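Each of the next two complexes has chain A plus one more chain, namely chain B in the first and chain C in the second.
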Partner chain A sequence: MTRYRKPLTSLVGACTTSLVLLAIYLFLLAPLLVVVLMAFNTSSYMVFPPEGFTLKWFVAFFRDSMFVEALRTSAVLGVTSAAVATVIGVPAALALVRYRFRGREFLNSLFLAPILFPGVVLAIALLVYYSRLKILGSFIGLVLAHVLVIVPYVIRTVSANLYGVDEALEEASLNLGAGRWRTFFEITLPLIRSGMVSGAIFAFIMSFDELVIALFLSGARMTTLPVRIFNFLEYNSDPTIAAISTVLLCVTLLVSVFVPPRYLGF
Partner chain B sequence: MEGTKRTVFWLVLPMLLEVVALFVIPLLVLFRYSFYPFVPGQGLVTGFVLKNYSKFLFDSYYLEILVRTLWLGFLVAFFALLLGYPLALFLAKSNSRFKTVLLILVVLPLLSSAVIRTYGWMILLGTNGLVNKLLLQLGLVSAPVKFMYTLRGVVVALTEVLLPFMVLTLVPVIRNIDRSLEEAALGLGASKLRTFLTVVFPLSLPGVAAGSIFVFVLAISSFVTPSLMGGPSVRVMSSLVREQAISLLNWPFAAAVSLVLLVVVTTLVALYQRALISAGKWEVPK
Partner chain C sequence: MVDLELRSVSKKYAGSEVLAVNNVSLEIEKGELLCLLGPSGCGKTTLLRMIAGFVEPTAGSILVKGQDITQLPPNKRNLGMVFQSYALFPHMTVLANVEYGLRMRRIPRTEARTRAREMLEMVGLLELEHRYPRQLSGGQQQRVALARAMVILPQVLLLDEPLSNLDAKLRQQMRIEIRRIQKEVGITSIFVTHDQEEALTLADRIVVMDKGEVRQVGSPQDVYDHPVSRFVANFIGTCNFLNGVLEALPAGSEPAVLKTDSGLRLWCKGVPGLATGQRLCVAVRPEHLELAPAAEAERESAPGVNAVRGRIEHVSHLGSIVEYHVVLPGGERLRVQQQSAQSAPSVAEGGTATVKWAVQSSMCFPE
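Presenting the complex of A and B:
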């Protein structure tokens, strides 16, 4: 009997599984899909199915100098912070992976700590601190704050890459008489390029999307795009925001295409 | 040996300076600030008072915010586990050709800003939103459900925002479970369900603990979603900090509130790391 019943139950089982998974994926992706649909929809209210196709909300965005200025600030901030984070993070990862020294584990947890740290606590701490140093609302202050929270991503991806690289290659280079610097630039650096690029891209995305710290630290003179969107959304809602969000989403997706899947994670 | 020490010193120095100057010192300043008195309109007044903490701990309004924040964290962790576990189980066990794509679809939302995803939920969950329209048409409710500015709405949106973290914590733990144990149970005649309940699920419990604590911590410290979906009617710790610091300019009290949050979070993170160690996933790199 069971021999005959089994295929049917397993078919029902497979269908249920697929439906459950589909529902979970729908839940996970619905908000992003709806924002993109809204951005191209003629109606200013969310109607489903969409009424018609338009680009007017994108035009409205690019006509709004405040939003365009915020986009520019976010892009410059993201690139600068990611560059600084890479320059600081790569040597740190090199030391943590390639050398044995006292306090190594402590430094490792200290350097990665900002990832799990509540953003709002860091934001208020930096607000108080910057106002004492009189650098509140400055670009350099925002860069340094973002560097702190994005370096862990650089350290993590570069470390993962370094663990996969055979140390013998570096040793061979040293034994053959190349100096430490030459070994670093000609052997280590080319070998960890993919980890470095992925780390830098992650760092850029994290800075580009970061809200809480920028909200506390940026003044009226300088605002990032997420902060501008947040402030707007607190009191209004308008498909222009959907268009901006879609632009933001596209920037993120475009750059993350260059990250190999094995580095994707959190 | 001396050479190595010097190399390490120069390699870690920039990062060490960054962390000390922008993390350690600001936190110490914040700690000191939380004991300053607050005199409206007078800017910085130095002194040492415990008033900021006692104000928080002995006022039911603020305690209610703390309790609400923890309750929110609990609900979000619960629902994220409920939805995340089946997905993680599938991703860890499946041999599907589309597995990589399906995994990337889980990570994808993480790469987009929480502001955008919360905005998506604001569109979906409005009184005339798609979700309410569906619920009404299916006859599941007779009047639109209020999601905006309610805890319910915050829970829905925040669960979605944090779901990837749950899945990404669970997948490696489930994948590391020895397949032969499962095969043994099946070979000895246990049904698939029984094998899951008595073998796979118990072995994945450390991952369940780690994922739940992780999501709980992220939920109680989250700012964007509770602020936008909840507004002033669903105050949580992080939005209280912002209100006190930015709108009311009471920095000492904001400092005290944020440090209360930090103590809760730090305790839980310690638990999280213990759970991960027993799950065998988290090791100090050697």
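Presenting the complex of A and C:
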């Protein structure tokens, strides 16, 4: 008897779990679905259910030079910030994980501080600082600010990866005659590539949709997409915004489809 | 010819008060296989890593073929190392792993490939050259690690407990294999282990270490038959120990007399410079003890042969030998080993018997 009861209860348990998970996913994903549907809606207001099919909101988005310019700015900003953050983050992670030195703990918490800092506070601080330095509203200013926020995430993902790489591998490489740099490029780098790529993608996405800091630091000539959307929403409510959201959604999905899962650390 | 020389090498790690390695001096001959043997934490790995260049000595110098390499970085030392975890590069095939060291030495591609293949053939893994390390068994990974370290023709091969991750059967097999390859290539090697059996079967010479210091250096037979201290006697092979004070010095044909703490009087070997009343420890190997029927006790206790009566507490059959645990009246326990074929039927568990041993076969250490 008992033999049969156990699988049965576990089956019921598994079904319940699946149903609950499904419900949670639906709850989270339903708004996204509604937004996508509204992007193709003929009505000039964000109404649901849709009244007819059209692509005019997408056309409106790509015709609006301010949106296109903002999209370009955000893309370039995201790629630049992610690249800079990776170039800084990998050696930092290497130093924090592999070397014992005085002040290591302090440096470790210093690198993580931006994660704990409220974005608004950081934004205000940078605003004051940048206006002194006269780089307010400049591209370089935005890159620096974003790098500050995303570098901890790169360090985190790369460190997690580095802890999993046996130090003896690097020693073996040294022992076989490779110098420190050669060892880094031949052994360490290939083995932390997945952490590095996922860190960089994460960094790109975070920079790409960062609003608060960009709102404070971008100027009239340097507007990112999230800031542009935010400003647009103040005065308009037509489904152009839904079309933009759909485009962003597609970009994100494409990134996750074209980057093999192993690079994302799954 | 001396291939590797250590001169008064010491290491004290930052933040530690004790010396992990204390004033070690050694000379290793060309083609010799030297085993560093000692209990956990005695400094074997530290010593090996100092030779490899991963740990900087606090004092002393390391010479390879007479050239001081103490200040050289690891990649300039040309010493091969086999790691306990093998440390095979997971993103490279077996062949690429073996070729790595040759590639770093800028050896032409075709030559590197030929040499790597030859080495893989020697360890019997040529047919697996395109596999990745994760697709190999522990023993196979071990061979790749060995091939990778030897293909660069290092001046000395360093092995840190290379067999400790293998099961007992494979370990014995790999021991023989390593010894065969080492002899075939004639490569000077240092083999770290805490397994005395491994050291006894593999080594040309054994270095016994304890608490960072070298306690004895000698051939396996030498350290087994003539240990210089109670520590070495205990660490290599098994030993019975009896503590007591010296009651009489050797006189004429009669050996010295030891009175054990439980009051037993035993003949023992004299050690130069002893005085009566001094504390001593007598050590006898289980295979040097002999069991006889109980009746023989007093009659046989002539000068030169000890005979004490005891109760047989336990008998274990270990295949070719039988081991008896004998309790003496004073409470001391002795382990006696005899060939299974020779074991007397009259000595059974629970009965009494006489344990005999010749004075020459015992060892005597002042405390």
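The working rule: the second predicted complex is superposed on the first by the 224 of 266 C-alpha atoms of A that agree within 3 Å, B and C clash if a C-alpha of one lies under 4 Å from a C-alpha of the other, contacts with A are read in each partner's own complex, and residues count from 1 in each chain.
Just so we're on the same page, contacts are C-beta pairs under 8 Å (C-beta built on N, C-alpha and C of every residue); 3 or more make two chains touch, one makes a residue touch a chain.
Small disclaimer: the values here were computed from a predicted structure and weren't measured.
When both complexes are overlaid on chain A, chain B and chain C end up sitting side by side without clashing.
When the two structures are aligned on the shared chain, A:177 is found in touch with chain C, with no touch to chain B. Within the superposed three-chain model, A:32 lies in touch with chain B and out of touch with chain C [touch as defined at top]. Contacts of A:106 after superposition on the shared chain: neither chain B nor chain C is touched. Shared-chain residue A:119: touches chain B; no touch with chain C.
Among chain B and chain C, the chain that touches a larger number of residues in chain A is B. Applying the stated contact rule after C-alpha superposition, one finds that A:129 touches chain B and leaves chain C untouched.
Judged by the touch definition given at the top, the superposed model places A:168 against chain C, while chain B stays out of reach. Once the two complexes are overlaid on the shared chain, A:235 sits clear of chain B and of chain C alike. Put simply, chain B and chain C get as close as 8 Å, counting only Cα atoms, in the superposed view.
Taken in their complex, chain A has these residues touching chain B: 17, 20-21, 24-25, 27-35, 38, 45-46, 48, 87-89, 91-92, 94-97, 99, 101, 105, 107-108, 110-111, 113-114, 116-122, 124-129, 132, 144-145, 147-148, 151, 155, 159, 163, 180, 205, 209, 211-212, 215-216, 226, 229-230, 233-234, 237, 241-242, 245, 248-249, 252-253, 256, 261, 264-266. Note for the complex: chain C touches chain A at residues 52-54, 73-81, 83-85, 87-91, 100-101, 104-105, 148-149, 152.
Across the interface of their complex, chain C is touched by residues 166, 168-169, 171-179, 182, 186-187, 190-191 of chain A. Residue ranges on chain B touching chain A, taken from their complex, read 4-5, 7-8, 10-12, 14-16, 18-19, 21-23, 25-27, 29-30, 33, 83, 86-87, 90, 100, 102-124, 126, 128-130, 133, 157, 160, 163-165, 168, 217, 221, 223-224, 227-228, 231, 237-238, 241-242, 245-246, 251, 254-255, 258-259, 261-262, 265, 269, 284-285.
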